[in-house]
Structure formats: C-alpha cells, structure tokens
Amino acid sequence: MKKFVNDPKNYVPEMLEGLALANPDTLRYVPDYNLIMRADAPRADKVSIIQGSGSGHEPAHVMAVGPGMLDAACPGDVFAAPPTDYVYETIKLLGTPKGVLLLVNNYTGDRMAFDMAQELAEAEDVNVRTLFIDDDVSVQDSTYTVGRRGVAGNFFVMKAVGAAAERGADLDEIYRIGEKVNSVTRTMGMALTACTPPAKGAPLFDLPADEIEMGVGIHGEPGRRRVKLMPADEIVDELLDAVVTDLPFESGDRVALMVNGLGGTPISELYIVYRRAHNQLADRGITVGRNYVGEYCTSLDMAGASITLVRLDDEIESLLADPAEIAIRVF
Amino acid sequence: MTSPSSANLEFVVRTIAQTAVDNERAFGELDAVVGDGDFGYSLARGFEIVLADWDSFDRTEASGLLQKIALTISKRVGGTSGPLWGTAFLRASAAVKGKTELTGEDAVAMLRGAAEGIKKRGNSDVGDKTLLDALVPMTDAIAERLAADPATPAPEVAKVAAGAARAAADATTSMQARRGRASYTGERSVGSPDAGAVAVAVMAERVAQTWPGSASS
Amino acid sequence: MKKFVNDPKNYVPEMLEGLALANPDTLRYVPDYNLIMRADAPRADKVSIIQGSGSGHEPAHVMAVGPGMLDAACPGDVFAAPPTDYVYETIKLLGTPKGVLLLVNNYTGDRMAFDMAQELAEAEDVNVRTLFIDDDVSVQDSTYTVGRRGVAGNFFVMKAVGAAAERGADLDEIYRIGEKVNSVTRTMGMALTACTPPAKGAPLFDLPADEIEMGVGIHGEPGRRRVKLMPADEIVDELLDAVVTDLPFESGDRVALMVNGLGGTPISELYIVYRRAHNQLADRGITVGRNYVGEYCTSLDMAGASITLVRLDDEIESLLADPAEIAIRVF
Amino acid sequence: MTSPSSANLEFVVRTIAQTAVDNERAFGELDAVVGDGDFGYSLARGFEIVLADWDSFDRTEASGLLQKIALTISKRVGGTSGPLWGTAFLRASAAVKGKTELTGEDAVAMLRGAAEGIKKRGNSDVGDKTLLDALVPMTDAIAERLAADPATPAPEVAKVAAGAARAAADATTSMQARRGRASYTGERSVGSPDAGAVAVAVMAERVAQTWPGSASS
C-alpha cells in the first residue's frame, strides 16, 4: 500500500490532528469523540449544522467546517459511519437554543447512528432535525433498496444550509432549504481505478487496466456497470446523460455544475471533463450559472470523477454565493 | 441440556469477541466483494476493547454483562455494524433481565431478541441477504433441537448451531442483497455470500469447536 | 492509461479550454499561443507577471492566473517548456509601460525559451526581467549541473510578486522581492508512485510496490535515492531534515510551511504529513506562521508530496496575506 | 564526392523529419529513463509540421529552406529540444547563406554551425552526454573522410556518418550527464545512452540506408 500512513488505525485521528494544527485559531479537534468543530461554536444565536459520515471523503466533511458552512463534522473511521455515541456527544457539544441540524448521507450505517443519537439527544431536550442527502442517480431508488446514496451533491446542501444558518434562519427554515437543495441536486460518478483503504492495505476491488466502473459509490461500492475504458468525452456524456435525464434538467434551466475528483485524479483532467460537460449542457440549452471543479467528496485515492448538477433558483444561487471560510484554501 | 451457566455465556461471548479480532482481515475481504471492505475492521475495533476491558466488567449477572458489551460496541464500533450489533447485544440483555441461571430456552430467547432488534434497527428481515440469514436459521435449529430433546448437552447444541449457521451463510451466496451497502449493486450481489452472515457462521463454528470439554476442542 | 483524456495531443488545449469556460468573466484563453491570461490584462498601471513552464503541474501555473497573482501563464505541452515563439507572443500581449516580469523555474528548456523570447521582446522595446526559481534541495547545485530545479516553492514567489505588482510596485522592486522570496524558500519532494504522461500512456518510470523515490523531480526525474517504503512520519522526517538543514532554518525562525500533493495523493494523507512536519518544526523551535496544505505544483497523477519552507519576515508575510483571486476555489 | 545538391539536402532534411515522426515513442522511452519522457513527443510535433508544410516551403535556396525549418521548430517545439534544434537549423542555414550549389565542405560547415549553436544555446560541450556527443564525432568523421578522399560518393559519406554517429551514441551509455534534465540524477544517468545522441544516430542511419541509389535502400 503506497500511502502516507503510520498505523492504519491512526489514519483518521492523525489526519484530524494535522487539520487542527493547521487551523489553530478556527478549528478545534476533540479526540474523545473524533470531532472537528468551529472554535467559536456553538453560538446561541445560530442553528448548529453538523455533518457526519465515514472518513476517506476529504475534504468532506471535516475540511468543510467553518463560518458559512459546518459547525462540526463527526467522522467515523474510513468508510464507516461514526459510532452512535460520538454522534450523540457531538450533538450535545453543539446544542444551541436555536437547535441543531444533522446532515446525513443516505447510507444504512449513517442513518442508524444518527437516528439513535437524535433520539438520545432529544431525550435531553436538544432540538434536533435530521436531513438525509441522496443525490446519486446511479442507484435506482426502490423499496428493495435503501434508496439513493448521498455523494458529492452534499456539498451544495452544506453550503446552502450553512449560509442560511449564518444569516440567522431558524431550524425549520434551514431544513426547508436543505431539502429543497437536495431535491434539485443529482450526481453520478465513475471510477478509473479502485481505492485502497489503509486498514485493508490493498485495492478495494479489482478493476482491470482496460475497464472502468460507471456509477461507482464513494466507498468503492460497485456501480451500474463495468465497461471498457473510453475517451474522456464519452465518459462525460454517459455521466451527464444519466444526471440530466434523472431530475430531469431541461432547456432553459440554470444550473450549478460540479466536476468532483475522487482523490487520485489531477485537476488538469477535471478541467478536460469540465470542458465537455459545459459544452454538452450548452447544447442542451442548459446554462451553467456557477461551476465547481476540484475535489469536494473523494473516495480516498480513487482515480475517477463525478458530475453534479443543481437546478438553481434565486434563493439557492444567493445562498451558494455567500461567503464561507473553511480549511481548504489557497492562502 | 445442562443449563448454559454464566460461565458458558462468558465463554460464548469471549469466543465471539476473539473470533472477530482474529478474522479482521477475512471479514473485511468478504465485505469488499460488494460492500466497502470495513466490516472486519469495525467489528475488530469494538471487540478488541471488549477483550481488553473484560476483567473490569461485572460478570455476576448475564444481563448486565451483555448490556456492558452493547454499550462498548455502540461507543466504539461505527458503520452499520455498530448500531446493529450494539442493538443485538442490548436486546439479548433484555431477554434475560433478572435471571441468574440461564437455560436453553434463555439462549434461544437471547438470540431471538437479538434478531428482532436487528430487524427493527435495520428495517430488514430474513431474505434480505444480511447476517439475519444466518442468525435466524441458527436460532431456529437450536430451538428445534431443544424442543426434540431438552436434555441435549450444550456442546451438542453448539454443533447443531454451527452446522445450521454455516449452511445458511453459504446459502446467502445465491441471494440478492436488499439491505445494506451491498444492495446498491443489485444483481451483482448474487454470487458471493453476505459478510455478516459468514461472520455469524464462523463465530458459531468457533464456539462449537472450542466448547470446553467438547470432543473437537 | 487510466485518465480522462481524448487525443493526448489535445490534453493541454482541452484543459485550457475547460479552464476558460469555467471562468468566462476573469480568464481568457488564447489558443494560438496556448496562453491563459487575465481578461483585464494588461493594465498600464501595473507590471505584468508571467509564469511559463511545462504543463502537468496544475494548478501551477494556468490556475494561478488572476488578481493578486499571475497576469498570464504560458504553458508548454506536458513536461515540456513552451516554444520560444509562444513565450515571445505572450510577452508582447502582456507588455505594459511598467514592464513585464517573467517567472521561470530553473530548467534548461525553460531557461532557453525565456532567454530567447526576452531577447526578441527587448528588441521591440518591451521592458522585461526574468527571475529564475530554484527551490529544490534534492539536487545539488554545482558547476556540473544546471543548478537546482524550481518546484512547489514557485507558489510563494508568484504570490509575493503578484501582491507587490497589485500594490503598484515597479519592476525592479518586484524583482527584488521575488529574488528575496526565492532565496529563503526550500523544497524537497518524494514519489510513492510514478506519473503517467498522456502522450506516453504508461508510467514514466518503474517504482516497485515496496519502494519510493526520495527527492523526485516534478517531471518524474529520478531523485536522490530509492528506498524501501516507510511510514509517513519517517518520510516526513527525511524530507524535512533535508529542507531545514539546507538554508538552514533555525530555532526562532518563523516560516510558511507547505505540504504539496503531487496529484495522486488525497488531502487526507497530506494532513497526516502536515501533522508530523508541524510537530517536528515545533521541536526544532521553528514556528509555523502560515501553512498551505493541498495541491500547488503537481506532477500529473503522481502519488507523493513535497514539503516547502519559506523563512518569513514582515514584508514577505504581508505579501502572502494579501488577497488573490484565482481559478482554484471552493465557491 | 559529388556535391550534395539541393535535392540531397531536401532528402536529408525530410528523412530527419520522417525519422523523428516515426520514432516518437522510441525516443520518448529513451528520455524516460533518466529524463521526463517527452523528447520524442516534442520532436515529432515539430517535424510533423515540417512534413505537412513541406510543399509550401520555398526550396529554391538551401539557406532559406533551413531557416524556414528553424522557425517552424521554434514556433512549435517546446522543451529543451525546441530552442536547441531550432538554433541548430538556424546556424546550419547561416553556414550556407547565399550558396546555390552545396559541396561536401558545406555539409561539414552546416553541421559544425549546428553544433556550435547548440553549445552556445545549451551552455554545453562534448562530454556532457547530450546530442553533441553524437553530432560532433559524426561531423568529425565526415570531415576526415572528405579530407582523405574529396571524391567520396555521397552515399558512402552517409554510411561513414551513420557508423560514427552510432558508435558515439552508444558510447554515451558510460557517460555521466552534466547538462539537461538527466544531469539531476548524477551517477544514476550512467548506464543508459542519451536520448538526443541516439536520435542523431538513428537519423543518420536512416539517411544512409535510404540514400537514393544507395545499395541498401
């Protein structure tokens, strides 16, 4: 396994320690609950926003903590939902009179941990609501599955509710906004290579040198289908078509377009993807109002990308444009 | 059957814990086929604490011991397994609340409680290709055997349980996952056994093989 | 080759097109000279800053164009200095009465192309100065080599001279600042894996599964030595020691610390690296005044990282803290 | 030696260009050993334009043709090779300025001009493990042969050149690079030949093998 890792068991805590050392004035690391929080949280005049999920998706979500976005992130081990207890303690630490919003990607483990923790916290009179994010179109939603997965689109929900919370909105209003953003957000991703979880020390799955996985999950879950390697433009066309037709996005729509790298793909390639996606949307009469090219929700060192579209309206666009200060930065 | 004494319960729980720790890698590999590969890691992190803290647990009462283990698991185990296995131990604890001597019926009640807890927590049932598909048939086999011959010796019951769990776990291979991460893969989940079900079988086999005084131990 | 690529010959132009499509109001792509420039450049009241180099190091340098940093970047093909002619045309396009500063990483090809272009431009009375950046301590500087290479430390030079130019400084003053920053900047990198240039379609070198290359160049040039895979902390210690002892950085120094990913390494691992580097510097009595964790100067999809230290003084720190707006961004 | 006519020059230049295009991958591999692997790509991008634009070039005068090629290379070839090969063609052009008929001495003068240009531009010399280590010995061998027998037929001169270039290129294997990207690797550059020197040898060999009317063509 070729990684910067010491003992794989310390992968997450050492990363969090590094993050806190790099942001001593703004972030606080609470090792007991594996928690990253704003140094100035909780604030009595503001709803606290918490996102939890497995680790391995950085910058989601620990590096999205800061003014205008999350008040805390409560990560589990790599690809594992956090223990119920940690979620519960995080809610208690961040509790404010205005309440707490939990953002949870729709996975069985995360749902259960957050459900249980919410119950426990409510028993202590913390006002909590939980919003599930499920933007991944690669999984068919049906009663036979646990529903769509939450993937890179969670960024937009975090950003919008983070901005609304900063503006002083109350919990129900923030919840409404989060649900609305989720309802107009769609994503599909694909893997060029597998990722290597540090505790496993080997690639999570075998992907031959000439095959790719369309619709892969951000935990390396197999996707829709495995196909032969294709040129960039063909990959983009397939992803985009799945995303566009799902909502569906239509001619005249104004969208945010995110090209998200899965961890092992350089940003040069992401712009090659962006180029095609932008042009294809233009051909469909869809205008890109805001764009995001980079890493937002990764899958460790997986090479690959996802494409997310959000249908914009004035409210969403204005929330996305609000300032935010988080750990991923250039200066 | 001689009643499963508190010592027997301790033996079973410790064996489960040790099996989880010893099979961290193997269970992870199973989960990697159509899941995300962390099942072994998650279980091992919880059960290694159970083993480390064992001597500090109050073991005078079965229910209390099981509750303590449930708490350790919810504290330290993440993923889907944390809530599921935590709930399972909590419900097993509830099933024998206040009891000092445990009978074969109590063993069945604990296992049924665990399965019901998992079903509720996981919104799942037998047939969804989860650990329930080993746990429930195993429990049924134990209950059946005890109904036929209430005096079946404990090591014999353990063997029946192991055989049933293994057969049931193997049978998950042909099933399509409808719960958990594996369900995203639809038909592609067919062809490999469920990691959780196999874990139950491996634990049951280890219990049967190492039962104190058992032939094959 | 597992990449988002169409025809490898179009790798760079398609990336640049994507970049321009994503930043229509602020960036302009000039396909004839393979050039990315600020839409509002040149400005008569300001020295123009141009950085050129091979491609494959993104975000360096095309994604560092914008207010407070570069006025233009003039990239060559992957790992190849730009043709002289393109550099010359870029200088002409960006020429202002206050002059033009060329930032060039110290490689033979780049030096030659920029030298020739400067001569040509001066013949047409453009006021040009060229600053060579050579922060890589892994290469011994001697008369038998072409000297140190310029690597991720170029970010700090760009940032400082970009800020100075924005403040209105004249060409000589900006040159002085750039030289000063370069003189207190030191970097060393290492590779966990090789990178795959799109035109080659295969890894640039063979690195066995249990070996790493210490002191690798950003074009996959072999480094100081090849060693067995080590835990993250040991790798960091070796890189940091080489960097610290070179200047040398000393107890009492205040520094900027950059942990730069080489393209294939996820940011989670970079924070594991940061943690160790920060703590080791603290042990040496060196204070981290500013830190940078992410990708600044990559080597395509290479897994690996480099560590850069800059000795800060009030002037440098203030320039680094100035605002800048470039294409890599979160919102 | 029959004077290398304008047709001969055209043949040599086209052969060099075609060789660069045909060997894009091979030259790249050589550069990848201790360099960055783009040498073949860079050369091919320039020379494919030379070939494509060939018919549009004014070929009535040797010097003008070589200058045109020099410009094409500086326009389109990046890396170290752009300035070096561009300079080489420019200096070759200067060496025969105004000449209409080219002699063997002119061929030597063009090659010497090219080598001097490279040395100046690259701040390098024979012994640094660069293309100079094939170009200069090859030029010396041509000059020597023409001094010994000024009437040596052109195909024969080409063979001499190819043999000398190949031997010299092979000999770079044991040298340590002191210029160019390979120099960063210090002693690790020993053991593989220089990509630029090999390219010169391959081009010279192709010229010799395909010389119009030559035995082996």
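Chains here go by letter, A, B, C and D, matching the order in which they are written, and residues are numbered from 1 within each.
Criterion: a residue touches a chain if its C-beta (ideal position, glycine included) is under 8 Å from a C-beta of that chain, and two chains touch if they have at least 3 such contacts.
For clarity, every value in this text was computed on a predicted model and none was experimentally measured.
Colleague: Here's a test of the contact network: exclude chain C and give the groups of chains still joined by touching.
Modeller: Groups after removing chain C from the contact graph: A, B | D.
Colleague: Using mean Cα positions as chain centres, tell me which chain lies farthest from chain A.
Modeller: D
Colleague: Distance-wise, how many Å sit between the C-alpha centres of chain A and chain B, to the nearest whole number?
Modeller: Averaging C-alpha atoms per chain gives centres 33 Å apart.
Colleague: Hey, how far is the Cα centre of chain B from the one of chain D, in Å?
Modeller: Whole-Å distance between the two chain centres: 75.
Colleague: For chain A versus chain D, what separation do you get between their C-alpha means, in angstrom?
Modeller: Measuring from centre to centre gives 55 Å for this pair.
Colleague: Quick check: what residues of chain D touch more than one other chain, meaning two or more?
Modeller: Expected reply: no residues.
Colleague: Touching at least two other chains at once: which residues of chain C meet that condition?
Modeller: Correct list: empty.
Colleague: Testing understanding: with touching defined as stated, what is the shape of the graph linking the protein chains, line, ring, star, complete or other?
Modeller: Shape = line; chains linked end to end, path left open.
Colleague: Give the list of chain D residues in touch with chain C in this complex.
Modeller: Residue list for chain D touching chain C: 25, 28-29, 32-38, 41-42, 45, 74-84, 86, 121-122, 178-186, 188.
Colleague: Show which residues of chain A lie in contact with chain C when the two form their complex.
Modeller: Checking each residue of chain A against chain C gives 2-6, 11, 14-19, 21-22, 55-56, 58-59, 63, 159, 192-193, 209, 212, 229, 231-233, 235-236, 263-276, 278-279, 291-295, 298, 300-301, 303, 305, 320-321, 323-324, 326-331.
Colleague: Spell out the part of chain C that touches chain D in their complex, as residue ranges.
Modeller: For this pair, the touching residues of chain C are 9, 54, 76-86, 107-109, 112-113, 116, 139-140, 144-146, 149, 197, 199-200, 204-205, 217, 219-222.
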